[in-house]
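Both of the next two complexes hold subunit A, though its partner changes from subunit B to subunit C.
== the complex of A and B ==
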């Protein structure tokens, strides 16, 4: 089953990267096909694993003490656009244009 | 014993004054320059390395070296944060990014007096197994220039000879090439699905993937948080043990490191293998396995058998699904981990100004290569609820 254009468009929105060309879409198709092999495995009664550390892993809470910080200057150093102690972003709350209005490879599909 | 390792031998030479840290550093830097065609290094930190070497020399003069690693030149894969030094992950997304901090493992090496020569080349964001997909070009295997390889090749024109080289494997190919070409004594790589072991095998050096949870990942730009580990590349096993000893241990900045106290160990001089059981997983004899590898594998098994170890066939029945599991888990975590690259706080930023989302999209379109984008999209697919 091929992935529908709606799903491909949805993925481009979620990932905020583009498929770019038919090769990109083909790559996804192959990835899905490859992963489908897992359907063959019977996992009845198998507990899901959440960490390779299994029972050695106890995620702990530490004391709520401030142990580091005060590095605003260093953190702003690598930002291209900033103002005083703010990172500057273009206007938010404007969704990406819909498929029909966007310049995307998927338009032709 | 550790005393036999190369690092130990160099350390002894430094203690006895047979060579100074500055001389050692200069010689390694010169070798880095003369092996530039390998493209193993992305950044060479010449000034800071020489400064570190001078400080090491002062310590040796006072008779107070910090340990075996004091004055030893090392290299670090370019996906570890190194304060004041560019960290690119071989991607346009991070070109020009100067880390504001040292990864824990880098800090530990510096605290032991190691001399950081530079950052090594890799596949973009450590995604790949050839070290061919980074924006700075592929890394060449030093063995491409060996007599054995040259003799195997058919005589060629000069330009054909120039392009006749073999890959290092990956993704830590730069680190493997750096160690293999003697430009440094040890290098840090990273290993998620073989990225330290693979290039180590290709370049004929020792590659150690430490058990997850042993070494801190703080400062290692993550690919798959559940599986990444810093990797160790050296020219002998004893050196790998020295490196492991200085890097392992709980880090409060990495909650996935186990909390047990790490006890540094000495490698025993193993001469009696009769108590060892070596398992040979039969499923590893997979379709498509080259006859050369099969022969080497059998040879290794025979070596153990003839030395008195118990060599038995074992079964790992789900072997053929392991790569599929890896593929799904890897892409899913990559989709999540790569989301931080949006141009706002660091790295490449597109000139697109229409909206935040369109700026993010343009930045990521411009900054990532096909492999990275492909994995992000696949990962997002696998994470879909439907």
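== the complex of A and C ==
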């Protein structure tokens, strides 16, 4: 079962990943096939496992103390663009160009 | 024309009142220099991990218990993915599969016919309460076509309270939220001040004909006060009814409330249906809560949250406080509502009652009619009142001992509002407002008046 163009397009929008060419799509197909093997195991009546440590992994609870912060300068060092201690971002999400407009080659089903 | 049944549900986000954030140790504070209350984790720098704040869990448990919920002894954390500049990780940590509390209820009261004299009690089911992270703040700079991002709020703990669509109009929604606000403030789990973004409400609205399935619902956001909540909901109900009666359809969309225009408008920037790709948060194991029965023997005290321990220490909720006021002081239920609706008013009332011989049933009139209306007129809170409970009590004592008349008392009160530091007794003496008790003196005065008005007296006697 091949991945349809619509699903591919949907995935690219969601994950902002560009599958670029037919090789990329083929690799995706193979990855899905590989993961699908999980479906062969009958898990009826089995609780999903959250951790291999099971009951022994307790979620650590931290005391409500202020121990971090106050590193504006350091954080802003990573910003491509800043304005008076604010990070600068585009006015809204920049949508992925529509399927037809993209230069990259997409081969679907 | 077939009648319409409006259906209103609410999603409420309450900021948890805590010193530090949900998963990091940076401070929670309203106004601070941009990006000064941000840790490496909040900024989603690689290699950082979430560490759960105990206080946030306790706040959620308290709130769940106060809302009659079942507390899930095992709850899970998940990632909700979407892209936005104020969500640096590209996902929000929330509780989608198994939240911390489920299946509760909230009772609230409404006045019928706008009169305070008839109140009716309603209930709304609480679907669930979940712990989740707040996002940062985006400031839109349209002139320079950019967004400025401040991450101070990113990672602050939120309790999302989901109310089932059991409400039918703006008034009910507003009353339910008001009661929730009072409960949260009483518990201290959230300060719930809407103006500071500590309480955010989204309304889900739809309409349908009786007997038919529920209509398509819209989500209304950008509601900044309880008053606007009522307006937004009522507007949206009307809009949907008109649209449907004109043969149109309702889109399953998100709309923003425009408080200036008093209407809802479609929100831009919604790229079709969102797919959040929920997945378990791999860096956090399940959150396990205990009660007295299941308390583990050898665990570090600090790592254990005991639901029963929290339950025992819950303060009196507003509904209980009101009942106690009615029972203890013989005031009406409507009175107790007003007392609790104003911050500090109930305490003021009780303080006055303690210091005066006047019966509480009479005192309440002075509190609700005279004191409260004055405060409202001058936009003052109870704490800012120029008339303290001691001064009012002194005044009421003079009235109770019949040293002054009721009319005189109101005059003294008017003088007291000036806040010049005079006591009621001083004002009474200054303005000569004392009631005369001496029979002889009274007779003399009456006689003098009659003597001075001979003609009028003759007219009266002749009929």
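Rule of thumb we're sticking to: the second predicted complex is superposed on the first by the 95 of 109 C-alpha atoms of A that agree within 3 Å, B and C clash if a C-alpha of one lies under 4 Å from a C-alpha of the other, contacts with A are read in each partner's own complex, and residues count from 1 in each chain.
One rule holds in what follows: contacts are C-beta pairs under 8 Å (C-beta built on N, C-alpha and C of every residue); 3 or more make two chains touch, one makes a residue touch a chain.
From a predicted model like this one, the values you see are computed outputs, not experimental measurements.
*Asks:* Return first, second, both or neither, reflecting whether A:75 touches subunit B, subunit C, both chains, or no partner chain.
*Replies:* Both partners, subunit B and subunit C.
*Asks:* Which partner does A:38 reach: the first (subunit B), the second (subunit C), both, or neither?
*Replies:* first
*Asks:* In the superposed arrangement, does subunit B or subunit C reach more residues of subunit A?
*Replies:* The partner with more contacted residues on subunit A is B.
*Asks:* Please indicate which partner A:18 is in contact with in the superposed arrangement: first for subunit B, second for subunit C, both, or neither.
*Replies:* In the superposition, A:18 touches subunit B alone.
*Asks:* In the overlay, answer first, second, both or neither for which of subunit B and subunit C A:60 touches.
*Replies:* Touch status of A:60: both partners.
*Asks:* On the A-aligned overlay, A:28 touches which partner chain: subunit B = first, subunit C = second, or both, or neither?
*Replies:* Once the two structures are laid over each other on A, A:28 reaches subunit B alone.
*Asks:* Show me the subunit A residues, by the header's touch rule, that subunit B contacts in one structure and subunit C contacts in the other.
*Replies:* Correct list for subunit A: 10, 14, 16, 51, 53, 57-60, 62, 71, 75, 78, 87, 89-92, 95.
*Asks:* Can you check the complex and tell me which residues of subunit A touch subunit C?
*Replies:* Its residues touching subunit C are 10, 13-14, 16, 50-51, 53, 57-72, 75-76, 78, 83-93, 95.
*Asks:* Provide the residue numbers of subunit C that touch subunit A in the complex, in ascending order.
*Replies:* Per the touch definition, subunit C meets subunit A at residues 18-20, 24-27, 33-41, 43, 45, 51-57, 76, 81, 83-85, 138-142, 145-151, 269, 271, 275, 277, 280, 284-288, 299, 302-303, 305.
*Asks:* Which subunit B residues qualify as touching subunit A in the complex?
*Replies:* 97-98, 100-101, 212-213, 226-227, 252, 255-256, 258-259, 318, 321, 324-325, 327-328, 331, 335, 342-347, 349, 352-361, 364-365, 368, 370, 373-374, 376-378, 380-382, 384
*Asks:* Can you check the complex and tell me which residues of subunit A touch subunit B?
*Replies:* 3, 7, 10-12, 14-20, 23-24, 27-28, 31-32, 34-35, 37-38, 40-41, 51-53, 56-60, 62, 71, 74-75, 77-81, 87, 89-92, 94-96
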